[in-house]
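Structures follow.
Each of the two complexes below includes chain A, the first together with chain B, the second together with chain C.
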Partner chain A sequence: MFKTTGFISFALRRFTGVVLVLYLMLHIWVIGAATQGAEAFNRRMEVFASPATHVLEIFLLAAVAYHAFDGIRLLLVNAFRVTGPRKSMWYAAFAVAALLTVIGGLPLLLYALGISY
Partner chain B sequence: MTTNGHRKNATVWIQRFNPDFDRRPYLQPYSITARQGMTLLDALHEIKTHQDGSVTFRRSCRHAICGSCGMNVNGRNVLVCESPLKDHLDGKGRVTIRPLPFLPIIKDLVVDRAKFWEHYRQIKPWLLPPDDLPEREFRVSPEEVKALCNAEKCIMCGLCYSACQVVALNKGYIGPHALLKAFLRTLDPRDSAPGERLDIVADLTGVWRCHTIFNCIDACPKSLDPTYAIETLRNLAARRLAFEEERRERQARFGEPVEVGPPVRMEPTARVESPVQTGQRIT
Partner chain C sequence: MGFFRMQRLTAVALVAFMALHMVVVHYPPGHLDFTRVLERLANPLWKAIDIAFLGTALLHGLGGLYDALIDMEQIAMARRAVAGGLATIGLAAFGYGVYTVISFSPAALAALR
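== the complex of A and B ==
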């Protein structure tokens, strides 16, 4: 196996892509209950109203952020054919995704732990 | 690892596999004395000559031109003839040599490249001159020559093909080596069938299958940039008819000053040169 930053970015991109598809299916399942009235929707939302789910939301945020910024990196490569700084661009995409995960994940974590801020 | 001046002991782990006897590949260690300036190919020769004549590998020119000695060393695809042994030894003086990944093993370090060549032939890598040859020379600008000459340096070693995870996942994908040659021939002003080649590469086994992993660039021993070639072909495939018309117009305006469109860049990528490549003295 030829392991490089390119391979790591590819593997993470595929993994986060699968995570997002699974989340989307779950999301449609929950939102779909809205057509059956407020009661049904609230009941379905309660399935996910646990601290563990809020922690999972942090991972979801990480997946969204990474997939989005790695995708932007590939769009730049595709549009401008910039292959020279490929590693720097990946590090930058990863860093921005990590930063957003920390910024967005902290309130989620505090909420999951029941700490008001 | 023991050191004595410019000599030190090294352990070379070689992946062995004889399809007549072995059920699966296994690693076998060989102890050798690493001498000053010894390459990985020298180490393999040392082992084959003095320890185990059954160790099988391909090699030919010993000057990184024939492309036959591509192997996977410590997880990276390299040409062993241009790779110094000392650069690949770990702290304990060990190095692991395996055959190129994702390709069927014939024996030990020799792989079957039939698929590699089959994909290469698919894009018609030869020049297809027009039926009505111009009376004088073709209009090829110095900028175009400069742009294409780097792609022409490809030695067909298969390192990029074997480093590409898309090749491993999709057996139909024609691979970065074929797409680099398609780029070369498509942009060659002497060629008459750029549209035909774009048709071949612009499908799901061609440029649209590439996932932009960049392994081909990292693996290339000649510092070429197949990803750039693939992105260019994607761009041209999207405006194929306009591209063919531009080509015809330029050839029709023979005699006028050469006008070149946006320059096609194909610069070598940044890469740390080994002393063997740069001809420096090894101290």
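== the complex of A and C ==
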């Protein structure tokens, strides 16, 4: 059971979902500093300005991409009854999310390393 | 509207909101500073989009968290308390987020210049 794509899909979607909702709360708090002016906003943004947090943003992008594409796959299976290729659709969702993470993560990595492009 | 239908509808909306958000706000990385945020949020349409995005994300996110929590047997017994707690957190976060978004105004932008 634990090796089926259905279970892996469920576990990854749930894990990324919990990570994303916790991040959402942090995001609302960070952006909230903007009401106190530019200095307060930029100071709060600086808390997350280290190269390590920029690398974590790549994992965040991976979580968003996986959750979104696996969610679209789930919608096709459950709402539109596209049940036949559901296993291949999971591989496709995973591959698209991985590709998007690489494409979107590269600028983030270069930025984290201080390399201009 | 049932819980799963709400999760589905908010999920579809979030795919569109998130794509827009990533392209407009986060890419290229490193260009996000106070003035840029202020310029964008001086536009009422962006305010409306961001408030809708915030509400949709909170509904979907906290709804998903509720679902994950009540899957655990001990927590499932207190599902009403869990729902109440998450609703309170959601309302507080939505209120704080909306206050943040509506605080931006052309007057604030002019004061910076």
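To be clear about the criterion, the second predicted complex is superposed on the first by the 115 of 117 C-alpha atoms of A that agree within 3 Å, B and C clash if a C-alpha of one lies under 4 Å from a C-alpha of the other, contacts with A are read in each partner's own complex, and residues count from 1 in each chain.
Here, a residue touches a chain if its C-beta (ideal position, glycine included) is under 8 Å from a C-beta of that chain, and two chains touch if they have at least 3 such contacts.
Just so we're clear, the structure is a prediction, and the values are computed from it rather than from any experiment.
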Combined model on chain A: chain C and chain B, fit or clash: fit
Which superposed partner A:115 touches (first chain B, second chain C, both, neither): neither
For chain A as apex, the angle formed with chain B and chain C - C-alpha centres, to the nearest 10 degrees: 100
Chain B versus chain C as contact partner of A:54, first or second or both or neither: second
Contacts of A:28 with chain B and chain C, given as first, second, both or neither: second
Broader residue contact with chain A after superposition on the shared chain, chain B or chain C: C
Partner chain in contact with A:9 - chain B first, chain C second, else both or neither: first
Minimal inter-chain CA distance - chain C and chain B, angstrom: 5
Touching both chain C and chain B, counted on chain A across the two superposed complexes: 78
Residue ranges of chain B in contact with chain A within the complex: 72, 75-77, 101, 162-163, 165, 211-215, 217-219, 225, 227-228, 231-232, 234-235, 265, 269-270
Chain A - residues contacting chain C, complex: 14, 17-18, 20-21, 24-25, 28-29, 31-32, 34-35, 37-38, 41-42, 45, 54, 57, 64, 68, 71-72, 75, 78-79, 104, 107-108, 111
In the complex, chain C residues that touch chain A: 8, 11-12, 14-15, 18, 22, 27-30, 32-35, 37-38, 54, 57-58, 61-62, 64-65, 68, 89, 93, 96-97, 99-100, 103-104, 112
Of chain A, residues touching chain B in the complex: 1-7, 9-10, 74, 77-78, 81, 83-84, 86
